[in-house]
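As written, the chain order gives the labels A, B, C, D, E and F, with residue 1 at the start of each chain.
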Amino acid sequence: MPAGEYRQSSPEPDSFEEEGWVWGQIKAEARCDAEGEPALASYLYSTILSHSSLEGSLSFHLGNKLCSSTLLSTLLYDLFLNSFSTDTNIRSATVADLRAARYRDPACVSFSHCLLNYKGFLACQAHRVAHKLWTQSRRPLALALQSRISDVFAVDIHPAAKIGKGILFDHATGVVVGETAVIGNNVSILHHVTLGGTGKVGGDRHPKIGDGVLIGAGATILGNIKIGEGAKIGAGSVVLIDVPPRTTAVGNPARLVGGKEQPTKHEDVPGESMDHTSFISEWSDYII
Amino acid sequence: MPAGEYRQSSPEPDSFEEEGWVWGQIKAEARCDAEGEPALASYLYSTILSHSSLEGSLSFHLGNKLCSSTLLSTLLYDLFLNSFSTDTNIRSATVADLRAARYRDPACVSFSHCLLNYKGFLACQAHRVAHKLWTQSRRPLALALQSRISDVFAVDIHPAAKIGKGILFDHATGVVVGETAVIGNNVSILHHVTLGGTGKVGGDRHPKIGDGVLIGAGATILGNIKIGEGAKIGAGSVVLIDVPPRTTAVGNPARLVGGKEQPTKHEDVPGESMDHTSFISEWSDYII
Amino acid sequence: MPAGEYRQSSPEPDSFEEEGWVWGQIKAEARCDAEGEPALASYLYSTILSHSSLEGSLSFHLGNKLCSSTLLSTLLYDLFLNSFSTDTNIRSATVADLRAARYRDPACVSFSHCLLNYKGFLACQAHRVAHKLWTQSRRPLALALQSRISDVFAVDIHPAAKIGKGILFDHATGVVVGETAVIGNNVSILHHVTLGGTGKVGGDRHPKIGDGVLIGAGATILGNIKIGEGAKIGAGSVVLIDVPPRTTAVGNPARLVGGKEQPTKHEDVPGESMDHTSFISEWSDYII
Amino acid sequence: MPAGEYRQSSPEPDSFEEEGWVWGQIKAEARCDAEGEPALASYLYSTILSHSSLEGSLSFHLGNKLCSSTLLSTLLYDLFLNSFSTDTNIRSATVADLRAARYRDPACVSFSHCLLNYKGFLACQAHRVAHKLWTQSRRPLALALQSRISDVFAVDIHPAAKIGKGILFDHATGVVVGETAVIGNNVSILHHVTLGGTGKVGGDRHPKIGDGVLIGAGATILGNIKIGEGAKIGAGSVVLIDVPPRTTAVGNPARLVGGKEQPTKHEDVPGESMDHTSFISEWSDYII
Amino acid sequence: MPAGEYRQSSPEPDSFEEEGWVWGQIKAEARCDAEGEPALASYLYSTILSHSSLEGSLSFHLGNKLCSSTLLSTLLYDLFLNSFSTDTNIRSATVADLRAARYRDPACVSFSHCLLNYKGFLACQAHRVAHKLWTQSRRPLALALQSRISDVFAVDIHPAAKIGKGILFDHATGVVVGETAVIGNNVSILHHVTLGGTGKVGGDRHPKIGDGVLIGAGATILGNIKIGEGAKIGAGSVVLIDVPPRTTAVGNPARLVGGKEQPTKHEDVPGESMDHTSFISEWSDYII
Amino acid sequence: MPAGEYRQSSPEPDSFEEEGWVWGQIKAEARCDAEGEPALASYLYSTILSHSSLEGSLSFHLGNKLCSSTLLSTLLYDLFLNSFSTDTNIRSATVADLRAARYRDPACVSFSHCLLNYKGFLACQAHRVAHKLWTQSRRPLALALQSRISDVFAVDIHPAAKIGKGILFDHATGVVVGETAVIGNNVSILHHVTLGGTGKVGGDRHPKIGDGVLIGAGATILGNIKIGEGAKIGAGSVVLIDVPPRTTAVGNPARLVGGKEQPTKHEDVPGESMDHTSFISEWSDYII
């Protein structure tokens, strides 16, 4: 993404680098909402305004959302807080994910809206902790966390999957990401998307999603294939082989827009532009 | 919908107009079930038989289903009860939705079955309250409610979306309805259906679904397009441009059955007839 | 399924026949995990290690997962325990399902992993109890259970649906199985799969899935049609008519790989081989 | 109680008459506390600041405190709200009780402190509702409420007992009040106090406590006897026969201070002066 | 207890011997209450009417009352059900305790009232199970149960204490019974009663309470002393040495009514007559 | 307390000084109990064995015991953990209190038994945190905590009260300690004990309890009086004036054993010897 373009959509670009600025925004938004809506103030104080840091707030919120009668909120809170507090990589990814939702999704009215209400965001942050546990060989705990995320948010990401920064899982219900999948930076993935495997043999068997990719709702991408940087996968597509960078694959089975030999090239970072449908005119010969 | 046709599918048409009649049916059904199944009686008394009105019962049930450790059931109960009690439009829509499930879904054995067990029905009624809050500029609360509905029912409807009466969200898991979407009356929408947007620019960007439309499972409809009255969208279709009234669009990308120029016209209200598959013979040239 | 083939995929075939062996494995796995991960030990003791039988453990786990404020865990625990204890058919199906997940899904690291964390497995076992209740004419209770399973696991199986043994519902989110659907033995079904009906008329209206079938993610199969033994349905396919045994149907609308007249025949039990994508080379003429 | 005396102990006597003034104070106190203590703000918003009336706040608080897994908070909330909303007698008694705690107990720092934290106050208000139910012949519900109050607050008041206004149950743990007991206005009763019966025969068998009485900690008063207006019962006393107005009974068995024939008369309303110990000098001949 | 006397106080003596009769009464009472009070019906169905036996109902009720976030209701339910089902001694004691409350306490309107609402009854039955665990050398579990009983009911009975049949713990708050205490049959004990020890040396150090004893509210009985059969201990008494059979001890320190040498003898079974106060006339020389 | 005497009562005196040793004991005890009792293992892992320090374990246990639907366990856990972690005074007092229960109460079989099950111990530790909050001027939070302790443990200690180290609140139900009360070191206080005030005037109005005092069950001590070091207050006593060091006060009203002029002197630290009753022989002239 050209930095210039991004600057247009956010007033204080440098501040974005700082978790502090985002946390300050979140508290200000929550304070404003609490004043305007007393019925929600208790919720906003318990989840945001009573905390002194983003990681405290997020750990509390995830602990209370993901707990069950056999996995208590205090245990999960502790686990999340410890991971977020000690891992600046996770924290900067969290902030990048907040920015991704805020600036890519026109329905996202504020950072606090994303922090509190976006199951894709919450599932992704919980996954980041599960992934850390996985890499620390605390696999049973990582898998238990995956299961809770799948139960509560209907988002099923294997804890071994590697996920970059600035990710937007929009709506998120039904997303499935397999064990050896890799997702680059600044990727946007809509709901019902599957990054799946191809059989019962283990090993590297899931898709690798390049930076800046946009994957439309209900797309199914199967096997150890590459979706090139900045590629775009149309909604409902079924993709079983590599997609070159900055091209668009659509349909079931998926075809490249513009043809296999000379596929049309589009903007660099559809994962940020979120343009799902401008390729319709080219696709028009086989549409309605 | 022609009243005549509707009459055929329901034995006591005039009574349906009255919330009281439906509530009476629900209590009678629940009483019968409680007598036959003591293990369920406690559930039936707490959710239905201890209440003196449909809105009381529904508010109790939604409050207990959508509550969390940070949004208490008493708060939600109050919110729902207040909305249902003071808004006859919502109440009549609720009754129409109960009728829709009861008479369109052959698996729906009773009104109480729908009231208690249909997540699509429950998500829709909770949305009606969230929408009311949105129009009253109580947006943070409306968004919090949307988030709870999405967590609990895996149904994600933006509180700004406008939804008519007599709606059946069948099975409902994975339904996504965007901010500027509009759904007419007597529409039936299966699970995994998306009424989505087309990018990161705000404004009017979601589908408009006409009266009597039937949308099959897994269909993805994107952009500010019109699905004409009585149109039928086949399961798994990806629809990116307008669909004329009373025509059928199928496939990915979607095509009109009968062809673009002379699409076949079918029955008036597929949203009520629920005929998903009778167009197979025409579609057969490009099937198995 | 030829016994020979199965033997290759599992080291101790005879032991599999015995629930006791599997339960012994589960306890050993849980004990090992509890020792290695104190933070998870409480969870493992409450769900597995404090129980003296698989049915006790499973009843406890399902009771705590599916309970709500109006359907208490003790009531559900009792219901599950009674059903599992008195029905050896269900118990042997449960064990076969555990084996199915363990040996077909490379991400399944242990039996206990499946027992605790696989929502598809848990939903299926709860369905087996709901189905038993349905056949005993305890329908309101069966429907209430279906509703809880749909809320908690986002898996919606009508209690009247008949499901064989050795079933893998992988990932499982969004699966919908209709009232008159029948699923044979050793079937594998990925997430977002629909076995749906075709209208508002009751009667036999849902698919019949033969033994050993593999159904890919997001496939939609509608109507009272037969998917022959050992057939394979590609991800995202929309299938509206019969699929012959041991053939592969792909696409929307689905076509047979190799053509309608001479469809290519593949391995006998794709539901066990889990080969989702080897047909790509044949499908390649209409892909990217 | 002479109005004049009361005026001395409270700065704005006329305002006290109005529930509105007290509710305004409570909200102001809570707002101030919420600002000073973010960790408590969520609690204060949910219990006080999100409500528009004292009865709403109290109903919410009691519903959440007294609920159990088999008596849901929404049911109790409804029950309390309905009683408080429709019974101005109860409401004025509640306000008088708040004043009693605020002006008699030096440890009571604010009205909101009493409303939120005083189990004696909360138990008494819940009793007022249980008593109302009792008089409406809704006895099983009244008794269930008594049981919850006894479990949660360790205060056991039979729902038939009649209790006046301006009552302070200080500390309250262990208070027992029998079925035919009557407690007048402006009475103060410390913890562990028993107003008990005398055998297994029914009928009128419990004490009658006059206006303005003060009963010290651990006092046991048994049988259908009269404790005259303004009498004082020393801590730990066991009282089995009538105590004349404005006298002090102390000891086990209780004796009148000053002697049976010419008992010393003291201030008019010890229930308000809360003077537990000034009679020591007179009692001194049989003390340490 | 002479059978004749007992017959007078209960209309159908022979039936009392049968648990079945009592359970039948309980169900009939609950059914009647559920019909008359819909708001309570859910509670009555879940606790009584959905169960097929007294032990099922009691196990459910105790499991739900005594559970905590770290001791789940399902675990406790299992524990109670197993103990009650296999131990007819406990079951007959439970029935005798129900009869004790029903026929001795004039405020006890029905068996179901006692079963559901009497914390003394519930604490005693839970103790019976804790005691069984203690004798089976499952001491940590027995002590955990004691702790839960003390938290929930404010009744603290050491699991080693031996308690007979036909016990009424009336009101029960604050009762403390030490490790080596023994309580005979047909004993009635009011609230705040302590059967305590005398120091930090182990061994047999708590009171032995004979059959038919009545102990008034707040009485403190300390040390390895004998309270003879049919003795009566006045409310608030402090008893440090043996009390002969059928005599009354009152006061702090306790004295025998009628004098040490020739104490007045009273009725045989005050634990059943519940006469707390008829000795007043004799005691009158040192009262008020 | 002379160190020499203490050494006699505990086998490894030097180790007691170290929190680490006690924590090691607790873990060893819990491990042993978990192995012997699988039904309790989940409880023991969640409360003790999953934690790496005593303060973590205690914070978790208190957070889960004292939480309510409006004061979440995660908030309380955080609050407790922060206080215990940063205040070595509280931590050493906690360890001294564990030793007090373990070596003074013959029914206390292990440190873990006290940590998990003794409501007096738990209430006292929670009070220590409430007191710290009080001294930091976080009074509303301190008072909310007091209220929760009173609800859950039936122990009502004003957060301003000052409590020393090595305190045993045995059984603890019904203990009330007023705002200006002071309790020295190595004090043992039985249940139902009141350290109360004397009226409605604020200021210093509660008892001051010297080091090593033993206060028997149900004793009521009122007013700003001194209970001298090593004094003993008999069960059920009502004490309104000073008690000299190492003397025994008994009765209601309390008298000094041996007489006011020449009271009998006893052992130095009855709070540790726990001798409740050896003074009976001297008291015998006014007993039974």
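FYI, contacts are C-beta pairs under 8 Å (C-beta built on N, C-alpha and C of every residue); 3 or more make two chains touch, one makes a residue touch a chain.
Per UniProt, the chains are A, B, C, D, E, F = serine O-acetyltransferase.
Computed from a predicted model, the values in this text were never measured in an experiment.
Matching residue numbers shows that C-F is the pair in A-F, D-F or C-F whose interface repeats B-E, with more than half of the contact pairs in common.
Remark: among chain pairs C-E and A-C, A-C carries the greater number of C-beta contacts. Separation between the centroids of subunit E and subunit F, computed from CA atoms only, is 28 Å. Annotation: 59 Å between the Cα-based centres of subunit A and subunit E. In subunit E, the residues that reach two or more other chains under the touch definition are 39, 42-44, 46, 50, 64, 69-70, 72-73, 75, 154, 173-174, 192, 218, 236-237, 252. Subunit D meets subunit F in the complex at residues 9, 33, 36-37, 39-40, 42-44, 46-47, 61, 64-65, 67, 73, 103-107, 109, 113, 116-119, 152-154, 171, 173-174, 190-192, 216-218, 234-237, 250-252, 272-278, 280, 283, 286-288.
Residues 34, 38-39, 41-46, 49-50 of subunit B touch subunit E in their complex. Across the complex, subunit F meets subunit B through its residues 69-70, 72. Across the complex, subunit E meets subunit C through its residues 42, 46, 50, 60, 63-64, 70, 72-75, 77-78. By the touch rule above, subunit E contacts subunit F in their complex via residues 68-71, 75, 79, 138-141, 143-144, 146-147, 150-151, 154, 156, 158, 173-174, 176, 178-179, 192, 194, 196-203, 205, 218, 220, 222-223, 236-241, 243, 249, 252-256, 260.
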